[in-house]
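One structure, pasted below without further comment.
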Amino acid sequence: MGQSYLELREATAARDRSLREKVMTLEEAANLVNNGDHVAIGGCTLSRTPFALIWALIRAGKSDLSFSRSITSTEGDLIFASGIGKHILTSWFSQGIVWGISKIMRAYTESNRAQFEEWSHMSIGLRYRAGAMGVPFMPMRSMMGSDVAAQLDNLKEIDCPFTGEKVILVPALNPDVALIHVQRCDAYGNAQIDGLQFMDIDIAMAANKVIMTTERIVSNDQIRRSPDQTKIPFIAVDGVVEVPYGCAPHECFGMYEPFFDHLDMYATLTKEKSEEGVAEYLEKFVRGPADWSEYLSLLGMADILDASRRGRSIYND
Amino acid sequence: MTESTPYTASELLAVMSGRLLTDGQIVFAGVGIPLLAATLAQRLHGPGLTILFEGGTLGPFVVAGELPPSTNEQRCTRRANMLLPITDVLLLLQRGYVDVGFMGGAQVDRYGNLNSSFLGEPSNPAVRLPGTGGGNDIASLTQMIVAMKHEKRRFVERVDFVTSPGFLAGGTTRADAGLVSGGVFKVVTDLAVLGFDATTKAMKVDALHPGVTPDQVRDNTGFDLHIDDSPTVTEPPTDAELQVLRHLDPERLYTA
Amino acid sequence: MGQSYLELREATAARDRSLREKVMTLEEAANLVNNGDHVAIGGCTLSRTPFALIWALIRAGKSDLSFSRSITSTEGDLIFASGIGKHILTSWFSQGIVWGISKIMRAYTESNRAQFEEWSHMSIGLRYRAGAMGVPFMPMRSMMGSDVAAQLDNLKEIDCPFTGEKVILVPALNPDVALIHVQRCDAYGNAQIDGLQFMDIDIAMAANKVIMTTERIVSNDQIRRSPDQTKIPFIAVDGVVEVPYGCAPHECFGMYEPFFDHLDMYATLTKEKSEEGVAEYLEKFVRGPADWSEYLSLLGMADILDASRRGRSIYND
Amino acid sequence: MTESTPYTASELLAVMSGRLLTDGQIVFAGVGIPLLAATLAQRLHGPGLTILFEGGTLGPFVVAGELPPSTNEQRCTRRANMLLPITDVLLLLQRGYVDVGFMGGAQVDRYGNLNSSFLGEPSNPAVRLPGTGGGNDIASLTQMIVAMKHEKRRFVERVDFVTSPGFLAGGTTRADAGLVSGGVFKVVTDLAVLGFDATTKAMKVDALHPGVTPDQVRDNTGFDLHIDDSPTVTEPPTDAELQVLRHLDPERLYTA
């Protein structure tokens, strides 16, 4: 964030972009994130959330991280409540429409213990896109006249030198790290994404480091057989971790839908016991389990089968 | 056509909103009432109407009894014509491909500005709300229909925070701010359908729903509202409309 | 081109974007193009060139058209020589590297009978992208200091208001018409594109009118079964024409490679007889044939089979 | 290793260019000599080197005997890692993902500026050339290697038209113009490998090819060129290098 073009170029030139295997464990991946980093989170709301990576960052006891995401759900509660980050840049922040306003988001922001920096959804997408394109800003036509724009100090309004029209310029956002979860990628990081892409491609190309979790690692031969299906190229990826159900309790398109019973349980817990409830949740589901498999077993086989059945059903038509 | 069938306030909102949509329009809709209204219009008078979901779905076919829980999960993509990145779906608004956007909000004011960010003083709010999402972009870039319950605490003189711009301070202030297209088209409530004065851009009553009195509307509105002496009255929901609604949402998830 | 934002919005609002069938003949499609229009051509060099549409425009006797394309090949010669257009905005203009410099391009530009407006390849792409995004310009970092920029009068150089860095702004290009050829689309215009996309998606979204030719019209059901494969949405498409081998003698990814013997013949003809040669070519292959099938039969069954065998071979690995 | 095997000028260009590439680099290459040089480097010392084609291909595997005729047709995509839109491939240069770009040109001058647009006065040219393509973008945004035949008519004091910027007027003029990164790295010809003075940015001879005299180079160069009194001499192409080249291009399409 806030890098000059030369700094961005130097950071990118310093990355090992060679065709190389970069498969690692969740713990090793978490070590790629430095305290103080700005971390962009892929997916949107309950979809393709890189939940295992956020889970690993909390377990690794990271601190002073700032985050950004198109729309923020329960992972935002966990970021605030675990103490790994006190700042989230996003356009909407709560568990999900059906569950109402997040008690945790309210508790932390209303007491100024943490900040929810609100931008319009499109402006966040264009900030990532500018970062991905290597330009310092992107022009846009929304937010003008609103208090959303009024409370932001890094927007510029200019008169278009071609048409004289007012346009807003939003600054490029080049995250220090991007966390992305995909259905398939190879050991080099060439990723295929099914269904909704959200902002993942721009996030990956904008970031100075990309950590990718995947349901499955496939051969590079398979990737090369349909190169027009590759959505993120290996040259932008710094770490690959195979994590089945890596978005649970959120969804991964075509593989599993959200674990609704678990999310209802979480909603009730935080509504009834607020911060105490999320603390219990973190202890039981994040810090407690010995590993990811043990975490999944806490979600329960029945829920995993049910979420998977619903997830795969998108291909039943 | 009989007008005897009873209906809920949510059904009334969905029906009245749906009637504002015309065939062939591209409608940017959230789940709940907006989606029901758009789908109702599609089924009854707009077979060529296209629904857009913020999560990246263009032209889905909404299966009766399988309404999606949000606009960003795979359930929204059933039999869609196209899936796009979020940024590109929102850019369709900016490029001008979208005819109508559907919005709600915690507060709306005289000039159709919407607040979904803060209740109370933004620097020290009584309630931090979930925020704009795509609301600001939709309100900035296309015609918008606002559907919400008609309550005094929601219909306020001035919203605590302009999350999604309506006509700002009225008159030409919206265009002056650089928002040269779009604006609030209608506000649909459980009491009335409201529009905006062509010049002042102040909210006014277009029509009252059956059995609603002007005083009822005034009592539930936090600012002066123009109502004609003999206001038009909306056609009540028809059996056909209610049948489609109840077919779409048999479990009354959004129409209870 | 050069529209204000309001004009662009009004033009788009006036288009019938409803879910409707729009299948028509090549002749009907050509009638959608008005004399004086700016026409953007999809594909690049010898690939996915909407050759049948250009062929139809010449046969329809259009005039005063201006064109733009990422890289221009033999279709550019035919545009100049047929008289349908005297202005082509592009980054590179000749038949192809292996055939050397186009004699026809040289003859028309060196005598100032036609103009080859040269922009850098990326700047053309960003002009289409700005048009597709509904913004009046796009910032970029190339062309500075070069004579390519010096001879263009609609570029702006500014100091970035965020970083102070010099950036060039290129104006949005919203073509009156875009000509696109795809492997598959439905009767509404939902298009799937295999292999290289070139600039086709930005061109389609930027244009005020899109005419799409396709090797094959598939059912809307098939499109809806894999919506994440749709590259251009029906809402942006105004006409659909099924034209098998619609790029011949150029290539269509995965279906047929360039008709090299024919292209060698064309190269020899224009090298030896220059304008007279291209006139002969236009008479024999464009104005002469009764219809597209007769044109294809002039290319010859042997070449069609050979080009198809080579085209499909990309999937043999 | 023997040095006795005869080789063509094109083979010399490919070998000398290939030696400038290192393992793991991302190389933006056109067909012909650049592709041969990059593939040679890949096979001999850079298995992790990645080739980018302007048409939209990232990391293809070049099959011996099946060299593509251009960078924009399907033959370039054989066993590629990814296919991208053209604009996005060029944006990889701007974003900084690319290490080296390979260029040619009709003219190059003292400061490494390249012309592929006009011979003679641009407003009334003797020859209208095909133009920049991606050349200007590559030259503006990354380190570039220029590979061309060493002829007086090509190595000129000042190019007729700056299509692809080198160091412009030398010194800091490139950066002053806003091109803060990239620049001409080396110029490889059939006579020598040339570099640029760290301060003046004027072209100079780094090394002569075996059997080439300083005068030969001067006679074929249209401007003053610094050559050390005892210039280094390049290692001639090895059998291994020539074998790989001839395996890649058995029909001598680009190496005749």
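All chains are identified by letter, namely A, B, C and D, in their written order; residue positions are counted from 1 within each chain.
The criterion applied here is as follows: a residue touches a chain if its C-beta (ideal position, glycine included) is under 8 Å from a C-beta of that chain, and two chains touch if they have at least 3 such contacts.
All values reported here derive from a predicted model rather than from experimental measurement.
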item: Steps needed, at minimum, to go from subunit A to subunit C via contacts; value: 1
item: Of B-C and C-D, pair with higher C-beta contact tally; value: C-D
item: Intercentroid distance (Cα basis), subunit D paired with subunit B, Å; value: 59
item: Euclidean distance of C-alpha centroids - subunit C vs subunit D, Å; value: 29
item: Separation of mean Cα positions, subunit D and subunit A [Å, integer]; value: 40
item: Interface hub residues of subunit B, defined as touching at least two other chains; value: 57, 77, 79, 83-84, 91, 94, 180
item: Multi-chain contact residues (two or more partners), subunit A; value: 5, 134-135, 140-141, 165, 167, 195-197, 224-225, 228, 317
item: Chain pairs that touch, as defined at the top of this document; value: A-B, A-C, A-D, B-C, C-D
item: Sites on subunit D touched by subunit A in the complex; value: 23-26, 47-50, 57-59, 61, 77, 79-84, 91-92, 94-97, 99, 180-181
item: Touching residues on subunit A, where the partner in the complex is subunit C; value: 4-5, 134-141, 154, 156, 158, 160-163, 165, 167, 169, 171-172, 194-197, 224-225, 228, 317
item: Complex contacts: residues of subunit A adjacent to subunit D; value: 5-6, 8-9, 12-13, 16-20, 132-135, 188, 190, 205, 220, 223-225, 227-228, 230, 233-236
item: Touching residues (chain side subunit D, partner subunit C) in the complex; value: 30-32, 54-57, 69-70, 72-75, 77-79, 83-87, 90-91, 93-94, 117, 122, 125, 127-137, 140-141, 161-165, 168, 173-174, 177-180
item: Residues of subunit C touching subunit D in the complex; value: 44-47, 70-71, 90-94, 96-98, 101-102, 105-106, 109-110, 116, 118-123, 125-126, 128-129, 140-148, 151, 157, 165-168, 195-202, 251, 253-254, 257-258, 311, 314, 317
